[in-house]
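The structure appears right after this line, and notes come after that.
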Amino acid sequence: MSVMMDPEALNAFMMREFPQVAAEYRVERMAPMEADVRLMVGDRHLRPGGTVSGPSMFSLADLAMYAVLLGMIGPVALAVTTNASMDFMRKPHAGRDLIGRARLLKLGKTLAVGDVLITSDGSDAVLARAGMTYAIPPKR
Amino acid sequence: MSVMMDPEALNAFMMREFPQVAAEYRVERMAPMEADVRLMVGDRHLRPGGTVSGPSMFSLADLAMYAVLLGMIGPVALAVTTNASMDFMRKPHAGRDLIGRARLLKLGKTLAVGDVLITSDGSDAVLARAGMTYAIPPKR
Amino acid sequence: MSVMMDPEALNAFMMREFPQVAAEYRVERMAPMEADVRLMVGDRHLRPGGTVSGPSMFSLADLAMYAVLLGMIGPVALAVTTNASMDFMRKPHAGRDLIGRARLLKLGKTLAVGDVLITSDGSDAVLARAGMTYAIPPKR
Amino acid sequence: MSVMMDPEALNAFMMREFPQVAAEYRVERMAPMEADVRLMVGDRHLRPGGTVSGPSMFSLADLAMYAVLLGMIGPVALAVTTNASMDFMRKPHAGRDLIGRARLLKLGKTLAVGDVLITSDGSDAVLARAGMTYAIPPKR
(Lines give C-alpha, C1' and ligand atoms only; values in the text may rest on other atoms or scores of the structure.)
Protein backbone atom coordinates (compact mmCIF):
# COMPACT_ATOMS: atom_id res chain seq x y z
CA MET A 1 0.00 0.00 0.00
CA SER A 2 1.26 3.45 -0.81
CA VAL A 3 1.07 6.67 1.16
CA MET A 4 -1.48 9.24 -0.05
CA MET A 5 -0.40 12.22 2.07
CA ASP A 6 3.10 13.10 3.22
CA PRO A 7 3.87 14.93 6.50
CA GLU A 8 3.66 18.33 4.81
CA ALA A 9 0.20 17.61 3.38
CA LEU A 10 -0.97 16.15 6.70
CA ASN A 11 0.20 19.16 8.68
CA ALA A 12 -1.45 21.56 6.23
CA PHE A 13 -4.73 19.60 6.43
CA MET A 14 -4.69 19.57 10.24
CA MET A 15 -3.95 23.27 10.41
CA ARG A 16 -6.93 24.00 8.18
CA GLU A 17 -9.42 21.61 9.80
CA PHE A 18 -8.34 21.70 13.45
CA PRO A 19 -6.58 25.02 13.98
CA GLN A 20 -6.96 24.91 17.77
CA VAL A 21 -5.03 21.67 18.12
CA ALA A 22 -2.79 21.68 15.09
CA ALA A 23 -0.47 24.29 16.55
CA GLU A 24 0.54 21.84 19.28
CA TYR A 25 1.23 18.82 17.08
CA ARG A 26 3.44 18.09 14.12
CA VAL A 27 3.45 15.02 11.90
CA GLU A 28 7.14 14.21 11.48
CA ARG A 29 7.17 10.97 9.52
CA MET A 30 4.72 9.08 7.30
CA ALA A 31 5.46 5.63 5.90
CA PRO A 32 3.14 2.85 4.73
CA MET A 33 0.87 2.09 7.71
CA GLU A 34 3.07 4.15 10.10
CA ALA A 35 3.29 7.74 11.32
CA ASP A 36 5.24 9.63 13.99
CA VAL A 37 3.65 12.69 15.59
CA ARG A 38 5.24 15.17 18.01
CA LEU A 39 3.38 16.88 20.84
CA MET A 40 5.08 20.21 21.49
CA VAL A 41 4.65 20.23 25.25
CA GLY A 42 3.50 23.47 26.83
CA ASP A 43 2.19 24.54 30.22
CA ARG A 44 -1.36 23.48 29.44
CA HIS A 45 -0.29 19.84 29.07
CA LEU A 46 1.33 19.64 32.49
CA ARG A 47 0.25 18.26 35.84
CA PRO A 48 1.68 19.26 39.19
CA GLY A 49 5.25 17.98 39.29
CA GLY A 50 5.84 18.98 35.70
CA THR A 51 4.78 15.74 33.98
CA VAL A 52 2.48 15.63 30.98
CA SER A 53 -1.11 14.76 31.88
CA GLY A 54 -2.90 11.55 30.90
CA PRO A 55 -5.45 13.39 28.75
CA SER A 56 -2.62 15.07 26.83
CA MET A 57 -1.14 11.65 26.10
CA PHE A 58 -4.56 10.42 25.02
CA SER A 59 -4.85 13.39 22.64
CA LEU A 60 -1.47 12.59 21.15
CA ALA A 61 -2.40 8.92 20.62
CA ASP A 62 -5.69 9.92 19.04
CA LEU A 63 -4.04 12.40 16.71
CA ALA A 64 -1.25 10.00 15.72
CA MET A 65 -3.82 7.35 14.75
CA TYR A 66 -5.78 9.94 12.82
CA ALA A 67 -2.62 11.03 11.00
CA VAL A 68 -1.62 7.54 9.91
CA LEU A 69 -5.17 6.84 8.79
CA LEU A 70 -5.41 10.03 6.71
CA GLY A 71 -1.95 9.41 5.35
CA MET A 72 -3.18 6.10 3.94
CA ILE A 73 -6.68 7.00 2.74
CA GLY A 74 -6.42 10.72 2.04
CA PRO A 75 -8.25 13.62 3.71
CA VAL A 76 -11.46 12.38 5.38
CA ALA A 77 -12.25 14.92 8.05
CA LEU A 78 -15.06 12.89 9.56
CA ALA A 79 -13.32 9.69 10.60
CA VAL A 80 -14.06 9.21 14.30
CA THR A 81 -12.56 7.22 17.16
CA THR A 82 -14.86 4.43 18.29
CA ASN A 83 -12.62 2.68 20.83
CA ALA A 84 -9.42 3.46 22.68
CA SER A 85 -7.62 1.35 25.27
CA MET A 86 -4.61 2.88 26.92
CA ASP A 87 -1.99 1.75 29.43
CA PHE A 88 -0.03 4.43 31.25
CA MET A 89 3.29 3.02 32.40
CA ARG A 90 5.83 5.68 33.20
CA LYS A 91 5.88 9.39 33.96
CA PRO A 92 7.05 11.60 31.11
CA HIS A 93 10.26 13.56 31.55
CA ALA A 94 9.57 17.18 32.44
CA GLY A 95 10.44 19.67 29.74
CA ARG A 96 10.56 17.28 26.80
CA ASP A 97 8.24 16.86 23.84
CA LEU A 98 6.40 13.58 23.44
CA ILE A 99 6.51 11.39 20.34
CA GLY A 100 3.61 9.14 19.34
CA ARG A 101 4.45 6.31 16.94
CA ALA A 102 1.27 5.01 15.32
CA ARG A 103 1.00 1.75 13.40
CA LEU A 104 -2.06 0.60 11.47
CA LEU A 105 -2.67 -3.13 11.91
CA LYS A 106 -5.83 -3.27 9.84
CA LEU A 107 -7.20 -0.85 7.29
CA GLY A 108 -10.67 -2.04 6.30
CA LYS A 109 -13.44 -0.27 4.44
CA THR A 110 -15.31 0.82 7.55
CA LEU A 111 -12.89 0.26 10.45
CA ALA A 112 -9.20 0.95 10.97
CA VAL A 113 -7.34 -0.60 13.92
CA GLY A 114 -3.89 0.27 15.16
CA ASP A 115 -1.72 1.02 18.12
CA VAL A 116 0.44 3.88 19.34
CA LEU A 117 3.55 3.88 21.49
CA ILE A 118 4.38 7.14 23.30
CA THR A 119 7.92 8.06 24.34
CA SER A 120 9.68 11.21 25.52
CA ASP A 121 11.68 12.79 22.73
CA GLY A 122 15.15 11.25 22.73
CA SER A 123 14.25 8.25 24.92
CA ASP A 124 13.21 4.68 24.08
CA ALA A 125 11.26 3.94 27.28
CA VAL A 126 7.58 3.53 26.45
CA LEU A 127 5.47 5.90 28.57
CA ALA A 128 2.08 4.76 27.32
CA ARG A 129 0.56 2.38 24.81
CA ALA A 130 -2.80 2.79 23.11
CA GLY A 131 -4.92 0.50 20.96
CA MET A 132 -7.34 2.50 18.86
CA THR A 133 -10.18 1.91 16.39
CA TYR A 134 -11.45 4.52 13.94
CA ALA A 135 -14.69 4.32 11.99
CA ILE A 136 -14.31 5.45 8.38
CA PRO A 137 -17.40 7.14 6.95
CA PRO A 138 -18.80 5.68 3.71
CA LYS A 139 -17.87 7.57 0.55
CA ARG A 140 -20.48 9.93 -0.76
CA MET B 1 -18.25 2.81 53.23
CA SER B 2 -18.68 6.46 53.95
CA VAL B 3 -17.76 9.50 51.90
CA MET B 4 -14.69 11.46 53.04
CA MET B 5 -15.08 14.56 50.85
CA ASP B 6 -18.30 16.18 49.64
CA PRO B 7 -18.64 18.05 46.30
CA GLU B 8 -17.66 21.36 47.90
CA ALA B 9 -14.46 19.91 49.36
CA LEU B 10 -13.65 18.13 46.10
CA ASN B 11 -14.12 21.29 44.03
CA ALA B 12 -11.96 23.30 46.42
CA PHE B 13 -9.23 20.65 46.29
CA MET B 14 -9.26 20.52 42.48
CA MET B 15 -9.14 24.30 42.20
CA ARG B 16 -6.08 24.38 44.45
CA GLU B 17 -4.20 21.46 42.88
CA PHE B 18 -5.25 21.71 39.22
CA PRO B 19 -6.20 25.33 38.59
CA GLN B 20 -5.89 25.00 34.78
CA VAL B 21 -8.49 22.29 34.54
CA ALA B 22 -10.69 22.90 37.54
CA ALA B 23 -12.36 25.93 36.00
CA GLU B 24 -13.88 23.68 33.34
CA TYR B 25 -15.23 20.95 35.63
CA ARG B 26 -17.54 20.83 38.62
CA VAL B 27 -18.24 17.89 40.91
CA GLU B 28 -22.01 17.95 41.35
CA ARG B 29 -22.76 14.85 43.39
CA MET B 30 -20.79 12.54 45.66
CA ALA B 31 -22.29 9.38 47.16
CA PRO B 32 -20.65 6.18 48.41
CA MET B 33 -18.64 4.83 45.46
CA GLU B 34 -20.32 7.27 43.02
CA ALA B 35 -19.73 10.79 41.70
CA ASP B 36 -21.21 12.99 38.96
CA VAL B 37 -18.98 15.58 37.29
CA ARG B 38 -19.96 18.28 34.80
CA LEU B 39 -17.78 19.45 31.92
CA MET B 40 -18.68 23.06 31.16
CA VAL B 41 -18.25 22.86 27.42
CA GLY B 42 -16.43 25.73 25.74
CA ASP B 43 -14.91 26.37 22.33
CA ARG B 44 -11.70 24.57 23.15
CA HIS B 45 -13.56 21.27 23.62
CA LEU B 46 -15.18 21.34 20.20
CA ARG B 47 -14.46 19.65 16.88
CA PRO B 48 -15.62 20.86 13.49
CA GLY B 49 -19.39 20.43 13.43
CA GLY B 50 -19.75 21.63 17.00
CA THR B 51 -19.44 18.30 18.81
CA VAL B 52 -17.23 17.74 21.82
CA SER B 53 -13.93 16.06 20.94
CA GLY B 54 -12.91 12.57 22.03
CA PRO B 55 -9.99 13.83 24.13
CA SER B 56 -12.37 16.17 25.99
CA MET B 57 -14.57 13.18 26.82
CA PHE B 58 -11.51 11.25 27.94
CA SER B 59 -10.56 14.14 30.24
CA LEU B 60 -14.03 14.16 31.75
CA ALA B 61 -13.95 10.40 32.37
CA ASP B 62 -10.50 10.68 33.94
CA LEU B 63 -11.57 13.53 36.20
CA ALA B 64 -14.82 11.85 37.24
CA MET B 65 -12.93 8.70 38.30
CA TYR B 66 -10.40 10.84 40.16
CA ALA B 67 -13.24 12.66 41.94
CA VAL B 68 -15.00 9.51 43.13
CA LEU B 69 -11.68 8.06 44.27
CA LEU B 70 -10.72 11.17 46.25
CA GLY B 71 -14.23 11.39 47.63
CA MET B 72 -13.78 7.92 49.13
CA ILE B 73 -10.15 8.03 50.32
CA GLY B 74 -9.57 11.74 50.91
CA PRO B 75 -7.14 14.10 49.18
CA VAL B 76 -4.30 12.12 47.56
CA ALA B 77 -2.95 14.35 44.82
CA LEU B 78 -0.67 11.69 43.39
CA ALA B 79 -3.11 8.95 42.42
CA VAL B 80 -2.50 8.21 38.73
CA THR B 81 -4.42 6.55 35.92
CA THR B 82 -2.81 3.27 34.85
CA ASN B 83 -5.41 2.02 32.36
CA ALA B 84 -8.36 3.44 30.49
CA SER B 85 -10.59 1.72 27.95
CA MET B 86 -13.17 3.85 26.26
CA ASP B 87 -16.00 3.27 23.77
CA PHE B 88 -17.30 6.29 21.87
CA MET B 89 -20.87 5.62 20.75
CA ARG B 90 -22.75 8.77 19.87
CA LYS B 91 -21.96 12.36 19.00
CA PRO B 92 -22.59 14.86 21.78
CA HIS B 93 -25.27 17.48 21.28
CA ALA B 94 -23.80 20.82 20.29
CA GLY B 95 -24.08 23.51 22.93
CA ARG B 96 -24.70 21.30 25.93
CA ASP B 97 -22.53 20.45 28.90
CA LEU B 98 -21.47 16.85 29.40
CA ILE B 99 -22.07 14.83 32.55
CA GLY B 100 -19.76 12.01 33.64
CA ARG B 101 -21.20 9.49 36.10
CA ALA B 102 -18.40 7.55 37.78
CA ARG B 103 -18.86 4.38 39.78
CA LEU B 104 -16.14 2.62 41.75
CA LEU B 105 -16.39 -1.16 41.41
CA LYS B 106 -13.32 -1.95 43.49
CA LEU B 107 -11.45 0.17 45.99
CA GLY B 108 -8.35 -1.75 47.01
CA LYS B 109 -5.23 -0.61 48.84
CA THR B 110 -3.17 -0.05 45.71
CA LEU B 111 -5.67 -0.13 42.82
CA ALA B 112 -9.11 1.36 42.28
CA VAL B 113 -11.27 0.19 39.35
CA GLY B 114 -14.45 1.77 38.09
CA ASP B 115 -16.39 2.92 35.10
CA VAL B 116 -17.85 6.17 33.81
CA LEU B 117 -20.90 6.82 31.62
CA ILE B 118 -20.96 10.13 29.73
CA THR B 119 -24.19 11.80 28.64
CA SER B 120 -25.21 15.23 27.37
CA ASP B 121 -26.80 17.29 30.12
CA GLY B 122 -30.53 16.57 30.15
CA SER B 123 -30.32 13.39 28.05
CA ASP B 124 -30.10 9.70 28.98
CA ALA B 125 -28.40 8.45 25.82
CA VAL B 126 -24.90 7.25 26.67
CA LEU B 127 -22.32 9.03 24.50
CA ALA B 128 -19.29 7.19 25.79
CA ARG B 129 -18.32 4.60 28.36
CA ALA B 130 -14.95 4.28 30.07
CA GLY B 131 -13.40 1.61 32.27
CA MET B 132 -10.57 3.08 34.34
CA THR B 133 -7.95 1.95 36.82
CA TYR B 134 -6.11 4.26 39.19
CA ALA B 135 -3.01 3.37 41.16
CA ILE B 136 -3.10 4.66 44.74
CA PRO B 137 0.30 5.63 46.14
CA PRO B 138 1.33 3.97 49.41
CA LYS B 139 0.85 6.09 52.53
CA ARG B 140 3.91 7.77 53.80
CA MET C 1 -37.35 -1.64 21.79
CA SER C 2 -38.87 -5.07 22.20
CA VAL C 3 -37.20 -8.42 22.75
CA MET C 4 -37.12 -10.76 19.73
CA MET C 5 -35.94 -13.95 21.48
CA ASP C 6 -36.69 -15.08 25.02
CA PRO C 7 -34.30 -17.21 27.14
CA GLU C 8 -35.83 -20.44 25.88
CA ALA C 9 -35.35 -19.45 22.23
CA LEU C 10 -31.81 -18.20 22.94
CA ASN C 11 -30.80 -21.42 24.68
CA ALA C 12 -32.23 -23.53 21.85
CA PHE C 13 -30.37 -21.44 19.26
CA MET C 14 -27.05 -21.71 21.14
CA MET C 15 -27.43 -25.45 21.58
CA ARG C 16 -27.98 -25.85 17.86
CA GLU C 17 -25.22 -23.50 16.66
CA PHE C 18 -22.57 -23.92 19.37
CA PRO C 19 -23.14 -27.36 20.89
CA GLN C 20 -19.63 -27.51 22.44
CA VAL C 21 -20.13 -24.40 24.53
CA ALA C 22 -23.89 -24.29 25.03
CA ALA C 23 -23.86 -27.11 27.55
CA GLU C 24 -21.86 -24.92 29.94
CA TYR C 25 -23.98 -21.76 29.69
CA ARG C 26 -27.60 -20.91 30.23
CA VAL C 27 -29.41 -17.69 29.40
CA GLU C 28 -31.55 -17.02 32.46
CA ARG C 29 -33.12 -13.64 31.79
CA MET C 30 -33.76 -11.47 28.74
CA ALA C 31 -35.19 -7.96 28.96
CA PRO C 32 -34.94 -4.99 26.59
CA MET C 33 -31.19 -4.35 26.14
CA GLU C 34 -30.30 -6.70 29.06
CA ALA C 35 -29.51 -10.38 29.55
CA ASP C 36 -28.23 -12.57 32.40
CA VAL C 37 -26.20 -15.66 31.55
CA ARG C 38 -24.99 -18.40 33.91
CA LEU C 39 -21.69 -20.23 33.55
CA MET C 40 -22.11 -23.68 35.09
CA VAL C 41 -18.63 -23.95 36.52
CA GLY C 42 -16.84 -27.26 36.04
CA ASP C 43 -13.30 -28.54 36.48
CA ARG C 44 -12.18 -27.26 33.10
CA HIS C 45 -12.86 -23.65 34.13
CA LEU C 46 -10.67 -23.79 37.21
CA ARG C 47 -7.17 -22.64 38.01
CA PRO C 48 -4.99 -23.97 40.80
CA GLY C 49 -6.60 -22.86 44.05
CA GLY C 50 -10.07 -23.61 42.74
CA THR C 51 -10.90 -20.20 41.27
CA VAL C 52 -12.37 -19.74 37.81
CA SER C 53 -9.78 -18.78 35.19
CA GLY C 54 -9.61 -15.41 33.41
CA PRO C 55 -10.32 -16.95 29.99
CA SER C 56 -13.46 -18.61 31.39
CA MET C 57 -14.66 -15.22 32.59
CA PHE C 58 -13.86 -13.75 29.17
CA SER C 59 -15.92 -16.50 27.54
CA LEU C 60 -18.85 -15.76 29.82
CA ALA C 61 -18.69 -12.02 29.05
CA ASP C 62 -18.49 -12.73 25.33
CA LEU C 63 -21.45 -15.10 25.43
CA ALA C 64 -23.56 -12.77 27.57
CA MET C 65 -23.03 -9.93 25.08
CA TYR C 66 -23.85 -12.27 22.22
CA ALA C 67 -27.04 -13.36 23.99
CA VAL C 68 -28.32 -9.83 24.62
CA LEU C 69 -27.51 -8.89 21.02
CA LEU C 70 -29.35 -11.90 19.55
CA GLY C 71 -32.21 -11.35 21.95
CA MET C 72 -32.67 -7.87 20.46
CA ILE C 73 -32.04 -8.50 16.74
CA GLY C 74 -32.93 -12.17 16.35
CA PRO C 75 -30.72 -15.09 15.34
CA VAL C 76 -27.63 -13.83 13.46
CA ALA C 77 -25.04 -16.54 13.84
CA LEU C 78 -22.26 -14.50 12.30
CA ALA C 79 -22.08 -11.48 14.59
CA VAL C 80 -18.46 -11.26 15.77
CA THR C 81 -16.63 -9.59 18.62
CA THR C 82 -14.37 -6.77 17.41
CA ASN C 83 -13.20 -5.34 20.74
CA ALA C 84 -13.19 -6.41 24.37
CA SER C 85 -11.72 -4.60 27.35
CA MET C 86 -11.84 -6.39 30.65
CA ASP C 87 -10.89 -5.59 34.25
CA PHE C 88 -10.39 -8.50 36.62
CA MET C 89 -10.97 -7.34 40.20
CA ARG C 90 -11.63 -10.19 42.58
CA LYS C 91 -11.16 -13.94 42.72
CA PRO C 92 -14.33 -15.95 42.16
CA HIS C 93 -15.62 -18.10 45.01
CA ALA C 94 -14.66 -21.73 44.56
CA GLY C 95 -17.56 -24.05 43.81
CA ARG C 96 -20.05 -21.44 42.67
CA ASP C 97 -21.47 -20.69 39.24
CA LEU C 98 -20.77 -17.29 37.70
CA ILE C 99 -23.42 -14.88 36.47
CA GLY C 100 -22.75 -12.42 33.63
CA ARG C 101 -25.12 -9.44 33.40
CA ALA C 102 -24.91 -7.88 29.96
CA ARG C 103 -26.30 -4.47 29.04
CA LEU C 104 -26.42 -3.02 25.54
CA LEU C 105 -25.58 0.69 25.51
CA LYS C 106 -25.81 1.13 21.76
CA LEU C 107 -27.48 -1.02 19.14
CA GLY C 108 -26.58 0.41 15.74
CA LYS C 109 -26.92 -1.09 12.28
CA THR C 110 -23.35 -2.32 12.07
CA LEU C 111 -21.99 -2.10 15.64
CA ALA C 112 -23.38 -3.00 19.06
CA VAL C 113 -21.65 -1.77 22.23
CA GLY C 114 -22.30 -2.91 25.76
CA ASP C 115 -20.83 -3.98 29.05
CA VAL C 116 -20.96 -7.03 31.28
CA LEU C 117 -20.61 -7.36 35.05
CA ILE C 118 -19.59 -10.77 36.38
CA THR C 119 -20.47 -11.95 39.90
CA SER C 120 -20.45 -15.24 41.76
CA ASP C 121 -23.94 -16.69 42.01
CA GLY C 122 -25.56 -15.33 45.17
CA SER C 123 -23.08 -12.46 45.68
CA ASP C 124 -23.13 -8.80 44.64
CA ALA C 125 -19.38 -8.22 44.56
CA VAL C 126 -18.27 -7.57 40.98
CA LEU C 127 -15.49 -10.01 40.00
CA ALA C 128 -14.86 -8.61 36.53
CA ARG C 129 -16.19 -5.98 34.17
CA ALA C 130 -16.03 -6.10 30.38
CA GLY C 131 -16.76 -3.53 27.68
CA MET C 132 -17.50 -5.25 24.38
CA THR C 133 -18.21 -4.35 20.76
CA TYR C 134 -19.84 -6.69 18.26
CA ALA C 135 -19.95 -6.18 14.50
CA ILE C 136 -23.31 -7.04 12.98
CA PRO C 137 -23.13 -8.46 9.45
CA PRO C 138 -25.19 -6.65 6.80
CA LYS C 139 -28.50 -8.30 5.93
CA ARG C 140 -28.48 -10.39 2.80
CA MET D 1 17.71 -7.81 31.59
CA SER D 2 18.41 -11.49 31.29
CA VAL D 3 16.02 -14.38 30.85
CA MET D 4 15.40 -16.57 33.92
CA MET D 5 13.54 -19.47 32.27
CA ASP D 6 14.00 -20.83 28.75
CA PRO D 7 11.18 -22.41 26.69
CA GLU D 8 11.93 -25.87 28.05
CA ALA D 9 11.70 -24.71 31.66
CA LEU D 10 8.53 -22.70 30.92
CA ASN D 11 6.81 -25.65 29.26
CA ALA D 12 7.73 -27.95 32.14
CA PHE D 13 6.40 -25.43 34.66
CA MET D 14 3.11 -24.99 32.77
CA MET D 15 2.63 -28.74 32.45
CA ARG D 16 3.08 -29.14 36.19
CA GLU D 17 0.95 -26.18 37.31
CA PHE D 18 -1.74 -26.09 34.59
CA PRO D 19 -1.98 -29.62 33.18
CA GLN D 20 -5.43 -29.01 31.61
CA VAL D 21 -4.25 -26.15 29.44
CA ALA D 22 -0.58 -26.91 28.96
CA ALA D 23 -1.22 -29.72 26.50
CA GLU D 24 -2.68 -27.19 24.06
CA TYR D 25 0.10 -24.59 24.22
CA ARG D 26 3.83 -24.61 23.68
CA VAL D 27 6.29 -21.83 24.42
CA GLU D 28 8.53 -21.76 21.34
CA ARG D 29 10.82 -18.80 21.93
CA MET D 30 11.94 -16.76 24.92
CA ALA D 31 14.13 -13.66 24.61
CA PRO D 32 14.58 -10.64 26.89
CA MET D 33 11.08 -9.16 27.32
CA GLU D 34 9.67 -11.33 24.47
CA ALA D 35 8.05 -14.77 24.07
CA ASP D 36 6.30 -16.67 21.27
CA VAL D 37 3.63 -19.21 22.20
CA ARG D 38 1.82 -21.65 19.91
CA LEU D 39 -1.80 -22.69 20.31
CA MET D 40 -2.19 -26.19 18.88
CA VAL D 41 -5.64 -25.71 17.46
CA GLY D 42 -8.14 -28.51 17.99
CA ASP D 43 -11.89 -28.96 17.60
CA ARG D 44 -12.67 -27.37 20.94
CA HIS D 45 -11.20 -24.03 19.80
CA LEU D 46 -13.38 -23.77 16.72
CA ARG D 47 -16.54 -21.87 15.87
CA PRO D 48 -18.97 -22.75 13.10
CA GLY D 49 -17.16 -22.13 9.83
CA GLY D 50 -13.94 -23.59 11.17
CA THR D 51 -12.34 -20.44 12.58
CA VAL D 52 -10.77 -20.22 16.01
CA SER D 53 -13.09 -18.62 18.60
CA GLY D 54 -12.47 -15.28 20.29
CA PRO D 55 -12.13 -16.83 23.76
CA SER D 56 -9.44 -19.19 22.40
CA MET D 57 -7.52 -16.19 21.12
CA PHE D 58 -7.94 -14.49 24.49
CA SER D 59 -6.55 -17.59 26.21
CA LEU D 60 -3.54 -17.58 23.91
CA ALA D 61 -2.86 -13.88 24.59
CA ASP D 62 -3.20 -14.43 28.33
CA LEU D 63 -0.85 -17.41 28.29
CA ALA D 64 1.72 -15.67 26.10
CA MET D 65 1.86 -12.70 28.51
CA TYR D 66 2.15 -15.11 31.44
CA ALA D 67 4.99 -16.93 29.69
CA VAL D 68 7.04 -13.81 28.98
CA LEU D 69 6.48 -12.62 32.55
CA LEU D 70 7.59 -15.93 34.10
CA GLY D 71 10.49 -16.08 31.69
CA MET D 72 11.74 -12.77 33.10
CA ILE D 73 10.99 -13.14 36.82
CA GLY D 74 11.03 -16.91 37.32
CA PRO D 75 8.21 -19.24 38.41
CA VAL D 76 5.50 -17.26 40.24
CA ALA D 77 2.36 -19.33 39.93
CA LEU D 78 0.14 -16.67 41.42
CA ALA D 79 0.62 -13.74 39.03
CA VAL D 80 -2.86 -12.75 37.83
CA THR D 81 -4.28 -10.78 34.92
CA THR D 82 -5.83 -7.50 36.06
CA ASN D 83 -6.67 -5.94 32.69
CA ALA D 84 -6.92 -7.06 29.08
CA SER D 85 -7.96 -5.04 26.06
CA MET D 86 -8.24 -6.90 22.80
CA ASP D 87 -9.01 -6.01 19.18
CA PHE D 88 -10.15 -8.79 16.88
CA MET D 89 -9.35 -7.88 13.28
CA ARG D 90 -9.35 -10.87 10.96
CA LYS D 91 -10.67 -14.41 10.96
CA PRO D 92 -8.04 -17.10 11.56
CA HIS D 93 -7.28 -19.55 8.77
CA ALA D 94 -9.04 -22.86 9.33
CA GLY D 95 -6.76 -25.74 10.16
CA ARG D 96 -3.71 -23.73 11.24
CA ASP D 97 -2.14 -23.23 14.63
CA LEU D 98 -2.05 -19.72 16.08
CA ILE D 99 1.08 -17.94 17.26
CA GLY D 100 1.01 -15.32 20.02
CA ARG D 101 3.97 -12.95 20.16
CA ALA D 102 4.14 -11.28 23.57
CA ARG D 103 6.27 -8.26 24.39
CA LEU D 104 6.73 -6.78 27.86
CA LEU D 105 6.74 -2.98 27.78
CA LYS D 106 7.08 -2.50 31.53
CA LEU D 107 8.22 -4.90 34.20
CA GLY D 108 7.69 -3.22 37.56
CA LYS D 109 7.69 -4.65 41.08
CA THR D 110 3.93 -5.05 41.29
CA LEU D 111 2.65 -4.62 37.73
CA ALA D 112 3.79 -5.90 34.33
CA VAL D 113 2.36 -4.41 31.13
CA GLY D 114 2.74 -5.74 27.63
CA ASP D 115 1.04 -6.54 24.38
CA VAL D 116 0.49 -9.61 22.22
CA LEU D 117 0.06 -9.95 18.47
CA ILE D 118 -1.71 -13.09 17.22
CA THR D 119 -1.14 -14.52 13.74
CA SER D 120 -1.91 -17.78 11.96
CA ASP D 121 1.16 -19.98 11.75
CA GLY D 122 3.04 -19.11 8.58
CA SER D 123 1.28 -15.77 7.98
CA ASP D 124 2.16 -12.19 8.91
CA ALA D 125 -1.38 -10.75 8.97
CA VAL D 126 -2.29 -9.79 12.53
CA LEU D 127 -5.54 -11.50 13.57
CA ALA D 128 -5.83 -9.90 16.99
CA ARG D 129 -3.94 -7.57 19.29
CA ALA D 130 -4.10 -7.56 23.08
CA GLY D 131 -2.81 -5.16 25.72
CA MET D 132 -2.46 -6.91 29.06
CA THR D 133 -1.55 -6.10 32.65
CA TYR D 134 -0.50 -8.68 35.22
CA ALA D 135 -0.26 -8.10 38.96
CA ILE D 136 2.83 -9.67 40.51
CA PRO D 137 2.33 -10.89 44.06
CA PRO D 138 4.77 -9.57 46.69
CA LYS D 139 7.57 -11.94 47.64
CA ARG D 140 7.05 -13.85 50.83
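Chains here go by letter, A, B, C and D, matching the order in which they are written, and residues are numbered from 1 within each.
Everything that follows uses one rule, which is that a contact is a pair of C-beta atoms (placed from the backbone, for glycine too) under 8 Å apart; a residue touches a chain by one contact, two chains touch by 3 or more.
Predicted model, so just to flag it, every value in this text is computed and none were measured.
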Rounded to a multiple of 5, how large is the rotation, in degrees, that superposes the C-alpha trace of chain A on chain D?
180
Relative to chain B, chain with the most remote C-alpha centre:
D
Counting shared numbers against all numbers at the contact of chain C and chain D, is it over half, same, or under half, different?
same
With chain centres defined as C-alpha means, what is the inter-centre distance between chain A and chain D in Å?
28
Taking the mean of the C-alpha atoms as each chain's centre, how many Å separate chain A from chain B?
23
Chain centre separation (chain A, chain C; CA means) in Å:
34
Considering chain D alone, which of its residues make contact with at least two other chains?
82-83, 85, 87, 89, 133
Which residues of chain D touch chain B in their complex?
82-83, 85, 110-111, 133, 135
In the complex, the residues of chain C that touch chain D are 17-18, 20, 43-44, 47-48, 54-55, 58-59, 62, 77-78, 80-89
Along chain A, where are the residues that touch chain D in the complex?
83, 85, 87, 89-90, 105-106, 113, 115, 117, 126, 129, 131, 133
